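The structure appears right after this line, and notes come after that.
Chain lettering (A, B and C) follows the sequence in which the chains are written, and residue indices restart at 1 in each chain.
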Amino acid sequence: MAGEAQRAIEAILMVADEPVAPQLLAQLLELSPDRIEELCDELAGAYAAEDRGFVLLRVAGGYRFQSHPDLAPYVERFVLEGQSARLSAAALETLAIVAYKQPVSRAQMAAIRGVNVDAVARTLQQRGFIEEVARDPGPGQAILYGTTRLFLERLGLDSLSQLPPLADFVPGREVVETLERGLGVDTSAASAGAADSGIVDGSE
Amino acid sequence: MAGEAQRAIEAILMVADEPVAPQLLAQLLELSPDRIEELCDELAGAYAAEDRGFVLLRVAGGYRFQSHPDLAPYVERFVLEGQSARLSAAALETLAIVAYKQPVSRAQMAAIRGVNVDAVARTLQQRGFIEEVARDPGPGQAILYGTTRLFLERLGLDSLSQLPPLADFVPGREVVETLERGLGVDTSAASAGAADSGIVDGSE
Amino acid sequence: MGHEVQTAVFEGPFDLLLHLITRDEVDLWEISLTGIVDAYVAEVEAMAVVDLDAATEFLLIAAILVELKAKRLLPGRDEADIDEEFALYEERDLLLAKLLECKTFRDAGDALARMASAASMSSPRTAGLEPRFLGLVPDLLAGVSVADVHGAFIRASTPKPVPTVDLDHVAPIRISVGEVVDELSASLPARGPITFRALTEGLANRIDVVVRFLAILELYKSGLVDLGQSENFGDLEIRWCADATDTATIGAGA
């Protein structure tokens, strides 16, 4: 039976997104780093002995679960057939928000889109289009995301400044009217006024 | 020794970031979905028997690796989404109404709770627990809400059918009598009436 | 009735009523309602921000209870006819059913919370693809242009207009009773006795007739006109009977 420590290691490595350093495991489990390495090697051996479809590897300075190389063909098919080939509208909208509003937290994205963005943000991060750029200094220290170099490359941009500026952002006609009615503004006066200040006479 | 198919399942689930539907696994492994379910149940059983620190769960219509609940304390710091703030009593009540009465409009929710639910509904939508599922064909075309896959994931359910039956929550006799006394309803006449109408003789 | 206030602010009036009744074994008929209202006022004062929705909803509940209670206290209740009694029961049963339904979903909500906290003990693996497979992933941004990103941002950040009820088609009422009263008090003395039908012929829409009728009642109330009706459903005869001095008061009053 796996000891409590090994069970904890398995649980941590299953949830962790990045390789976990032995020192961190040692600290969490109040064991020496050497003891951690012993336990991990034991686990790795057990998985190999039981011919598991996954392996426990030491990679990039830490331990990590990975799929067993023998099964790469299945994983490749899963990647090609299982994943959607194009960005969903929701994912593109979320990516656009990050592009224009970065650095931005997931909560702020959810506020703008009005729906939960955790799953979409995770996918965008895994595909390498957004990354953690900072931590919100405020309470909760939420992760702040920004777009990556890969994002710029894929869109053929040199820098973010080349994104179409928002200045010529013009809401659609029906949105303007609804908002004006909502604000109780007399549409005839408002559109005249607005026209002068150039807010609404955008391209149709 | 785990068969080839089970190894493939383990490998795929190790790289998946969302629950993987049995139909997809069946397609990738060229097996029937029932066979996939058998293999997964076997795997889940093996992990439990070996007292692993992780579990293979069926949640929100798909299979997924998750850390074992016993090890929650160790795992907390690695959970990206973090423990979202607790829902208020009002939010929970409204969520329960949506869960059991979906598809349901905000007006219907308000009728049950006796209060305006717009703010709470918006919070639940932003937290990703409910979403717009349809439009009421009737006049006004009210938005109809239902629960999301994330709701199932967060409650560890595979499908809505696993929700405890609503009848379990219908108040028992003693509560009804307290209410009747409170409202000054003449218990002899009323309870007879109530019993006939079958409102209150829910299971004890 | 010094009941300790629960930490959770009462969200809905039904919840509060449920709480006050179930917890205090309160029988609304034996004691006065002021106990309930005082408890709620204490609640409202405790709230940092008064939630108008909850407060107004409470008034609805309090009104229902006061009405129910008043019916009971009025003398001669016993020979009140049967359907009056039945209506009273029906109202109470409706309120009882609402309270039961509210309690059902409150308990269901607690059950969901317990399930959620149990499920939160186990966290999912979200590590995702290993680097070596990333190259295989179809380029999700293939064919996505800068303009698409711009359009997507506009779509995402455009405020969704809240559907409002459009009242433009409802014709606003242009004339008020006061104006018609002044108009009649000026024209009636000269015209002598006249029937209401004659007074209102030629008026296009019904609202004007109604306003005119209300004005006549106003004048009658002030004793400036005398009304007569020779037979059932006959024409209403209006006779101006005040001298000039009284008209001044009417102008201010209406």
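By our rule, a residue touches a chain if its C-beta (ideal position, glycine included) is under 8 Å from a C-beta of that chain, and two chains touch if they have at least 3 such contacts.
Since the structure is predicted, the reported quantities are computational estimates derived from the model, not experimental observations.
The greatest centre-to-centre gap from chain C, using C-alpha centroids, is found for A. Here the chain at the heart of the structure, going by C-alpha means, is B. The centroid of the Cα atoms in chain B and the matching centroid in chain C are 35 Å apart. A straight line joining the Cα centres of chain A and chain C is 45 Å long.
One simple way to say how far apart two chains are is to compare their mean CA positions; for chain A and chain B this gives 25 Å. Chain contacts: chain C has residues 123-130, 133 touching two or more partner chains.
Counting partners per residue, chain B has 14-17, 54, 65-68, 70, 75, 78-80 as the residues that reach two or more other chains.
By the touch criterion stated above, chain C contacts chain A in their complex at residues 123-130, 133-134, 136-150, 152-162, 164, 166. By the touch criterion stated above, chain C contacts chain B in their complex at residues 8, 11-15, 18, 20-22, 25-29, 53-54, 57, 61, 68, 72, 89, 92-93, 95-113, 115-116, 118-130, 133. Contacts from chain A toward chain B in the complex involve residues 1-2, 6-12, 14-17, 20, 28-29, 50-54, 65-68, 70-71, 74-75, 77-79, 81-82, 110-111, 114-116, 118-119, 122-123, 126. By the touch criterion given at the top, residues 13-17, 54-55, 57, 64-70, 72, 75, 78-80, 83, 86-90, 92-97, 99-100, 112-116, 153-157, 164, 166, 168-171, 175-176, 178-185, 189-190, 193-194, 199-200 of chain B touch chain C in their complex.
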